[in-house]
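Okay, so subunit A shows up in both of these, paired with subunit B first and subunit C after.
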Partner chain A sequence: MDFLNAIVALSNFVLIPAVAYGSQLALGALGVTLIYGILRFSNFAHGDTMAFGTMVVVLFTWWFQSMGITLGPLPTALLALPFGIIACAALVIGTDKMVYQFYREQKAKPVILVIVSMGVMFIMNGLVRFIIGPNDQRFADGERFIISARDFKQMTGLREGLAIKTTQGITVVVAVIAVVLLFWFLNRTRTGKSMRAYSDNEDLALLSGINPERVVLYTWLIVAALATVAGTLYGLDKTFKPFTYFQLLLPIFAAAIVGGLGSPLGAIAGGFVIAFSEVTITYAWKKVLGYLLPETLEPDGLVQLLSTDYKFAVSFAILVIVLLFKPTGLFKGKSV
Partner chain B sequence: MKKLLMATAATALMTGSALADDHAVKLGVILGFTGPIESLTPSMADGAELAMKEVTDSGKLLGGKAVMPVRADSTCIDAGAATAAAERLVTAEGVKGIMGADCSGVTGAILANVAVPNGVVMISPSATSPALSSAEDNGLFFRTAPSDARQGEVMADVLLEQGIEEVALTYTNNDYGKGLADSFKSAYESKGGTVTINAAHEDGKADYTAEVGALAAAGGDRLVVAGYVDQGGAGIVRAALDSGAFDTFHFPDGMIGQALEDNFGTDIEGSTGQHPGTDSPGAAKFVEQVGDAFDATSPFTPESYDAAALILLAMQAAGSVEPGDYKDKVMDVANAPGEKIYPGELGKALDIIAGGGDVDYVGATAVELIGPGESAGNYRQVEIKDGKLTTVKYR
Partner chain C sequence: MSDMMKKTGLFGLVAVLILLTGFMQSWNTALQILNMGLISAIMALGVNLQWGFAGLFNVGVMGFVALGGLATVLVSTRPIPEAWSAGGFGILLGLVLGAATIVAAILAYTRMAKGKGRTLAMLVILVGGFFLYRWVFDPAVGAVEAINPASQGNIGGLGLPVLLAWPVGGLLAAGGAWVIGKTALGLRSDYLAIATLGIAEIIIAVMKNEDWLARGVKNVIGLPRPVPYEVDLQASPAFVERATSLGLDATTASTLWVKLLYAALFTVVLLILLWMTQRALHSPWGRMMRAIRDNEVAAEAMGKNVTRRHLQVFILGSAICGIAGAMMTTLDGQLTPGTYQPLRFTFLIWVMVIVGGSGNNIGAVLGGFLIWFLWVQVEPLGQWLMQLITMGMAEDSALKAHLLDSTAHMRLLTMGLVLLLVLRFSPRGLIPEK
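Let's look at the complex of A and B:
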């Protein structure tokens, strides 16, 4: 029984939240990595692209809710998702035509594009705040929990509760679907293959008749979809606030770099590495050990490796270690 | 295009100088219009500007001077940006006093880098860090909010009276959170309570799973969240509720706000809290005076009105708008003896002072300045009942 309690406590506070957070980071990191691989720059505006897409989803969700359209136990936001993706795609393609295309034609160095993306970031940042305001917005509805801590305790008679939120379940399911679709697209379709070819060697790709503007267009479309999905899942799971999306940029980049920039598989692995390292290394094991150990050995202290203050230090320490010993990331991406 | 821009700029400059009438007194209103408490600041600024408008309309300040508010953004968290904004107010706008700043960290920075070097009076409506009590201020710094040393005591009493003797504590990692957490911890422990864990959280972060995991492992009857309602504080509460780690919470002032009701409502039924507030008739009068113009009960809004009113009354008492002259009068107008002054009576107060009389400014928050010029502190104890913040009592 105590062993079960320990497992449940650990899953409730570490495993389940980390898996959900990891999926959100992975989707974000996929977007960053695609842009890095194909357009060859680090897109600092990604966090705010996510915020924009999510904002449109939030607005549509509210509209649907006001008309009484819901998805029953599922959040209405899933219904609004396609509209968010369309609006977000329009925004990023518009940005590309107005801003990035100019620099691409000039063959500007990647570092210039990075700075340009920073400018774009601030504009998008302002745009989102201008439309929806800087405050927290809630748009989650439907059933909140697949199983709530209280129900779980009653059902099993254990002392520890296990909560699985609907949003956490949806996050993982949607993330898996999105990743499968993406990999199918990149590996099996003609356009996907041309994107990979363009990413591997631009000149050869051009020689073999691949239209670069088409590749760029598809990249942005996919990135917009990924960003909106990631942002919406994150907003459903936590809350939508423009400022946090801006802050989300750091763990996303850490995930993309740890995994190897330009490698989609790496982005996913990186997302989970960052999420798990943030949660597990700073976890206080007191409760879990209290269940596992005999009473005489029960710890008095918190048995915490590091105070939670250092959780960001943990992910960045991993980043530094990876860059020192494996500059291309865990899954051979491009060196930074 | 260039010409058009130049022309617009020139017009703007001209109108600017035309409006900058020598007869007007400028007061800075420096609050975090962006940042972690951006949902509180608009009504705070409105409160301060209401006092200024009232004085202007009365036409009695130093023979009919108008008062012009100049807003600036303290950002609440970025000391550099706040200092630059305050510097602009003092050097470019020529303000004669500052109503602000809001958060403790930036207030300390503005005080040390701008107010003291330039000799400008600052009255903060909401900076509550105990550290500011002993800051070097040349008698220029006051606050209509009490120090958190007092709030820590009140918080400990509230919890112990309900029989809660073990709590987990988390605070936002800045001057406000740390100061409040420390003062609460020492007060609570000296009264016999136990704090199982005292952990910081960062604002504006993506995920608070790790923090809540640690807090849950430490355990406790209630979770004390010394954070911001628009920021990490809300994230912690959400994560704690979702994982079933804690059902009830205790919220100090930074967490009390409309957003708390909107976001959590009945989920946090039975949670308690306190924020500066009073049942003195001033509070009701203030609500009445404000009407529907803005939310008069939003935290620190009455304090903001009082802060601006105190500056203006002190100017009248000193017969001068120069901070060096009126800084010594602030305590005089705020405290007894004298005629009690409530919100909406600033004109009357100006008259009394002009006639050589004494006033005891009570204002919207029962202002009583003690020690180094800070409010003695009245608190409103609240409880979440049926998803609404309800007043338990005042203490």
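Let's look at the complex of A and C:
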């Protein structure tokens, strides 16, 4: 029985990665949920929007690095983030004017908008691959660890090391800032309130003089910012590869639906639910159990419930379970 | 009459495009496009059955296509008796146990009274069943995968003729669709979309990782063929003689002949399926389907069982996709799970259906041919366009090299553009539903 080491091992391999991944998913799911709440369709192009914003950030990061501008211990990408957000906002607002607006005015069925977003997804996907190519790109720099495993072992004298990557720390800090700003905006400002009003009841909102195009414009701006931040954080933590971002669509949608589509709070909760279940189910528990159980009971195998390749299956299974038992999600979302 | 002329004209256009490819590039390329066009047309028929007839938004086409491909391996490859004696039956037993666990859990949920007892019973069944399943399944898998891993390591197939794999592929996909439909069809349209998208990814993940099934990412190559091999043709004096009398060398003639035989087989399948779907469209069943699609509430009020009909059409459409998947794997002669990409196998099929005209079988077939042709030919066209654009640039400029390298990604852009343009200016497609 070695309780302390077990806790450290658990935090190192499960808790910390899951918190970072969960924050990234939550930011992505917030974007999906906002579009669903206000524009009333599931945006299949969201993963590729994230990829586009991140791509701009990567390009600016490289440019800054080549000029010798860095943030010291912090990744240069943070400096490039605003430029990514601006470019991404320009792209999504341009897309809205050229594509979505037409269908909004026609009051097209949501499913038509979903198909339209499929076309947008193709174009954005092609654009990203066209500009930066389909391969892995690394753009993280600065200090790699806040605490490295070796320092931690020396500090505490424990057998298990605890490593916190800088990117994981930054992910959590940035995600908290973004979420606080978003909720402040939605709950305290006039524009934010008009957005919520529009989402709750379109007709009443229009009657009270809210300009729908303005609401839509602000929504896209926020979505672009959230998508770029989420994508950049994910890219810093892992690597940037366009196809991975397309695949992120599934856990992100799962997070948004599990939380309840249209509910920002739900999106955050959903993000963490999905991230924690993915990590715990695909983690090999041998080490932690080895510390906790008496020697005679020590497991022989890896005690891994599912191999990591099945992490999609996990988010999917949770999605189906929630939909079957609580169709509007954990936090009552809307169903159009 | 003008409707007939439009259809003839559009199909004539496709024929001309393929013939032009034959004259300008090579007949091999043209026949390749024709063969994959036939397969794409069948996939589009399947999606059209679900979306055009019934309004079901299935974005898991890739999964069903892959299941069809899996069927080809399981039906046509040589049996491996060693694998079966080592652990094949253990794997089967494990799978049966896994399925039994889920059935037992569902039974407990539906039969027991609501309350803590039910939740507890379900948990016990699920957790216990999971460990039992792993306990039986894992050693069996290890034993099978240990047999000659360089070339086998899987349970092998049944050694039956490969043509039999096509209907079996349809059945396998139909079985998958039944399971999916039972869980997901009650959901709203966009939930169904996410659910099917996820299931397709899971099917591919299973095929990539379960080496005992079809060797995973190690791929199965050299699948049996329903047509003669080129080498055999070239060795046959009669064939060589006929080729020379047509003024062709034996190598070219053999490759063309093989592709033509495939084309003939595929055309037969396409015509049968087209006939069936056309009959279905004009039957009372087809009218009922469209009535459900247009107004579910009204159809339900008229006594139609909407959920059952949805399940039915979902299974039928997926089965057609499965048949097409089996045909494609047969044509390729190999199963490579790593190549299944949702953009290519799900969303491209959707572009075909939308562009061709959803709700119209002929339109879906046309879309299949036309979009497949574009998908193949955009790359050389893009290459040519880029060369034109970059002509003025310096020879060693990095931008020029980058632009020329990136032409491969033009096809995604083009497909998106085509889809958006059609949706905007001709939302009912090239050959609209009547």
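General observations
Throughout what follows, the second predicted complex is superposed on the first by the 327 of 336 C-alpha atoms of A that agree within 3 Å, B and C clash if a C-alpha of one lies under 4 Å from a C-alpha of the other, contacts with A are read in each partner's own complex, and residues count from 1 in each chain.
Going forward, a contact is a pair of C-beta atoms (placed from the backbone, for glycine too) under 8 Å apart; a residue touches a chain by one contact, two chains touch by 3 or more.
Owing to the predicted nature of the structure, the values given are computational and were not obtained by experimental measurement.
After superposition on subunit A, the partners subunit B and subunit C collide with one another.
Of the two partner chains, neither subunit B nor subunit C is touched by A:Asp2. Of the two partner chains placed around the shared chain by superposition, neither subunit B nor subunit C is touched by A:Glu143.
When the shared chain is aligned, subunit B comes close enough to touch A:Ala163, but subunit C does not. Look at A:Phe41: by the touch rule set out above, it reaches subunit C but stays clear of subunit B. Of the two partner chains, subunit B and subunit C are each touched by A:Phe312. In the superposition on chain A, contact is made by A:Val320 with subunit C only, not with subunit B.
By the touch criterion stated above, A:Pro17 is placed in contact with subunit B alone, subunit C being left untouched. When both complexes are overlaid on chain A, the residue A:Met121 reaches subunit C alone and has no touch with subunit B. Of the two partner chains placed by superposition, subunit B and subunit C are both touched by A:Pro134. The superposed model places subunit C right into subunit B at 91-99; the other stretches listed in 1-9, 37-45, 55-63 or 91-99 stay free of clashes. In the three-chain superposition model, subunit A touches both subunit B and subunit C at residues 134, 247, 307, 309, 312.
Residue ranges of subunit C in contact with subunit A, taken from their complex: 55, 57, 130, 183-184, 187-191, 193-195, 197-199, 201-202, 205, 208-209, 342-343, 347, 350-351, 354, 405-406, 409-417, 419-420, 423-424, 427.
Taken together, the subunit A residues at the contact with subunit C in this complex read 41-42, 44, 99, 102, 110-112, 114-116, 118-127, 129-131, 133-134, 246-247, 249-250, 253-254, 257, 305, 307, 309-310, 312-313, 315-316, 319-320, 323-324, 327, 335-336.
Remark: subunit A residues 9, 12-14, 17-18, 21, 134-136, 138, 148-150, 161, 163, 165, 234, 238-239, 241, 243-244, 247-248, 251, 275, 278-279, 282-288, 302, 304, 307-309, 311-312 touch subunit B in the complex.
Residues 34, 38-39, 173, 197, 199-202, 204-207, 209-214, 216-219, 230, 234-235, 238-239, 242-245, 259, 262-263 of subunit B are the ones that touch subunit A when the two sit in their complex.
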